[in-house]
């Protein structure tokens, strides 16, 4: 019953609608320029929301839980990188994107937890809800950076391999058999000249992080975050970015549904791994956050209700902020993998199993 | 007085504004990507409105009037196809598009009728207003399908003719005079190979219907209809698709005004036929619906007020849902023909003459 | 304190944000189709606002002050054309665009003046605020026309020069050395044939004015103005163009910030002239309007409060309507010049110095 209701929510409805019309062979096309501006507006809005929430929160009180939220968001991505991605035939970028989505936070899952805490009369800090951007944004940034590092390493390997392969042809070039060098791949040229300077074969991490932060997705999100933190964008946020959010998201979900449909076949041999991951991961992520929350509970008097909130936002996976960010930040990742894992399994597990579990755990420990 | 007011409504004002700036040689251009997304949003909204209205209505009560609305919507298109389109020099696609617009429903004409019924204290079913999508959407779908069937048949004839013409050149090809066959039209190649399989020369209707339904216009409208019927898109409908509708429509009307201006010359020799059609058609369409409504009156106790509503929505022609749908669905049709017929003649006739006529008829028969 | 608040306003915040992310090398791109439609919507909205304000105002009462507002708006542009543009190394188009921005009106500067007048209990006509479109729109139109005349004259000179240069090559052509004339610049051909008809070398002004009015920027603004004046677009204005304005402006300001950053280097040798102009111009413009206002005061009994309003809107420079108009109307002008001059110096001078100055002047003269 509740599951049907969930499927009828506009976000999911448009996603499924996109899959259905793609399956029926619709010729509907949303122009790329429109997708670009929608992604820009969605990510700017996500950044603005986070920035305004952080600016309005009392950082002194929440410094330790906030730091733990950041740590959890980052750790969740690395867990996916070194578990899900290592499973047979699972594509690494898909696994990293899935980790990013599970690190990001679902507002509605958090809202369900807050409602339940109030019903059970378990007290929690008023700012507990403001913890979510501290986990959400670092998780998505980490996923994009880690994916870009992986993609770069892979490219280098391929180039190195192709250099080995081409050694023979290079001798031919030297011998004058290929007088025309116009088609010489410039990227390899760059690589070779770079090699001279470097003197070694390691991928430099920092330039890739810089590159990721400069990409359109993280630029927009961090711009929104900075504007939310340091300026007063409330008027334009309330009149424009916030009201347009759900509507623009519905269009993008339709596009992602069509894209997901065209790539759903890739999941044939790996779907079971995504199911296994999506059932276990919410508990693992929640337990990490719960453990860190208990440290804050004993050292800073962080309430048990707050610990539950931290655990629940860790076990939740984003249906809202995540997909547009990952689509723009890791375009090669398969949306049917990461959205499928999060929406079809991760979110029901988080809402139906993790919330009662962490609530019970808190009552057992704290009561 | 009322006519001036009508012209000042935003929808018409932007249409006329577009014609004026086109006449003055403005270089204003609305990018095609923007027109595409506007059409998508308008048609999705039209579908959503219809779908939500149908979901919220009690289908059991209204099954017969709703079926009659569907029938009327379809019949209206075929009337235009076999009357207006047969008049000398009238282009068939323009006539079919005009039929689609006259089959579609004007919300404001319907609202005028409902107001008058209330003033005259003639009772009608509360769900009578919900009959409009049952006429509106089938009429537009039928128009697009019928136009595509016509265009396909015409192309086949031209190909067949050109084959006859080219038989001589084909002999030359066979004789080796045209060694380079790269430019051979692939569509004809397809046609020839298709011919082999078919063994006859008839146009297959079903693939064209499928093709029409898969096109961007009907995809978006039927997607909206399905989402409105089977999911709960109210939140995104109320916050996004509905409030943006009039504004986006104003931009598209401006574009259509500019397009209509550039093609108004085509109407020089046929304008009189459009005037004749636009004066007679509202009465004919209304009488068909009135007759069908009387059947429902005698068999299902459908109120006389409801019969009037059905007749009025049949005599009305759409200024809102129709133009964007037809622009996307039958791009070759001349907007100055169909919008001119509907706006300049059809709508004033429907509001000023048909509403009082059908009201009087109902009072004469039912009182 | 107030300066920091000003910088935190969404419009400026997004402008600075755009400069910062451009400086950091962000790869964020807003598609050109999106910029086009944003500019269209902003300029249509500016025109609609002006048109509706003029339609709702009692023109008979305000005819002289309104005429003086128009005169001031036009004069301001010519002042910039013959002072700022003549300073060493200042680019003429940049100077004209800056003049246009200083002729256009800042709504918030005007609001500050109206508030102060009320606090000081100085009476002014209720329609005084409606004077602003009479100065705003003529200033922007004049700037675009004057810039286009300048650009045309410059092109003619270059062509004339290149004809001199090419006389030798033309002899070669005549001698048969250049058999292929395909690449012959068509614009010069046009020029030559035009020369024959003209018989002289003067630039014709009227075709350039027509051309400017037909351009996308002024087309949209004048369309909005006409629709606001002659039709009833209030419903679509209130539901669409007005609420979307600030949000769309924020996106365009971001784009203009990125563009301004890439051209800020051009200002290195001329920045001091822009500072000098931006400090002096608000006083000069205000005094002209104040003088004209005094004429209306003595002849038509225009209140002293109204004279102050007229002077303040003349000394203000537009942060809202100006930038999008000039970006579309004079694309070659450097936004870091005109926005920098207006925002960084002109507006603070107008608010902080000109408002008290003209208020004191009115009290000294009128009290």
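In this document, chain identifiers A, B and C correspond to the written order of the chains, with residue numbering beginning at 1 in each.
Assume contacts are C-beta pairs under 8 Å (C-beta built on N, C-alpha and C of every residue); 3 or more make two chains touch, one makes a residue touch a chain.
Going by UniProt, the chains are A, B, C = Sodium-dependent bicarbonate transport family permease.
Predicted model, so just to flag it, every value in this text is computed and none were measured.
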Chain-level touch network, classified as line, ring, star, complete or other: complete
Type of chain A:chain C copy interface by residue overlap (half), same or different: different
Length of the line joining the C-alpha centres of chain A and chain C, rounded to whole Å: 44
Touching two or more other chains - residues of chain B: 31-34, 244
Sites on chain C touched by chain B in the complex: 31-34, 36-37, 40-41, 214-216, 219-220, 223, 226-227, 230-233, 235-236, 239-241, 244
Chain B partner contacts - residues on chain A that touch it in the complex: 5, 7-10, 13-14, 17, 20-21, 24-34, 243-244, 246-248, 250-251, 254
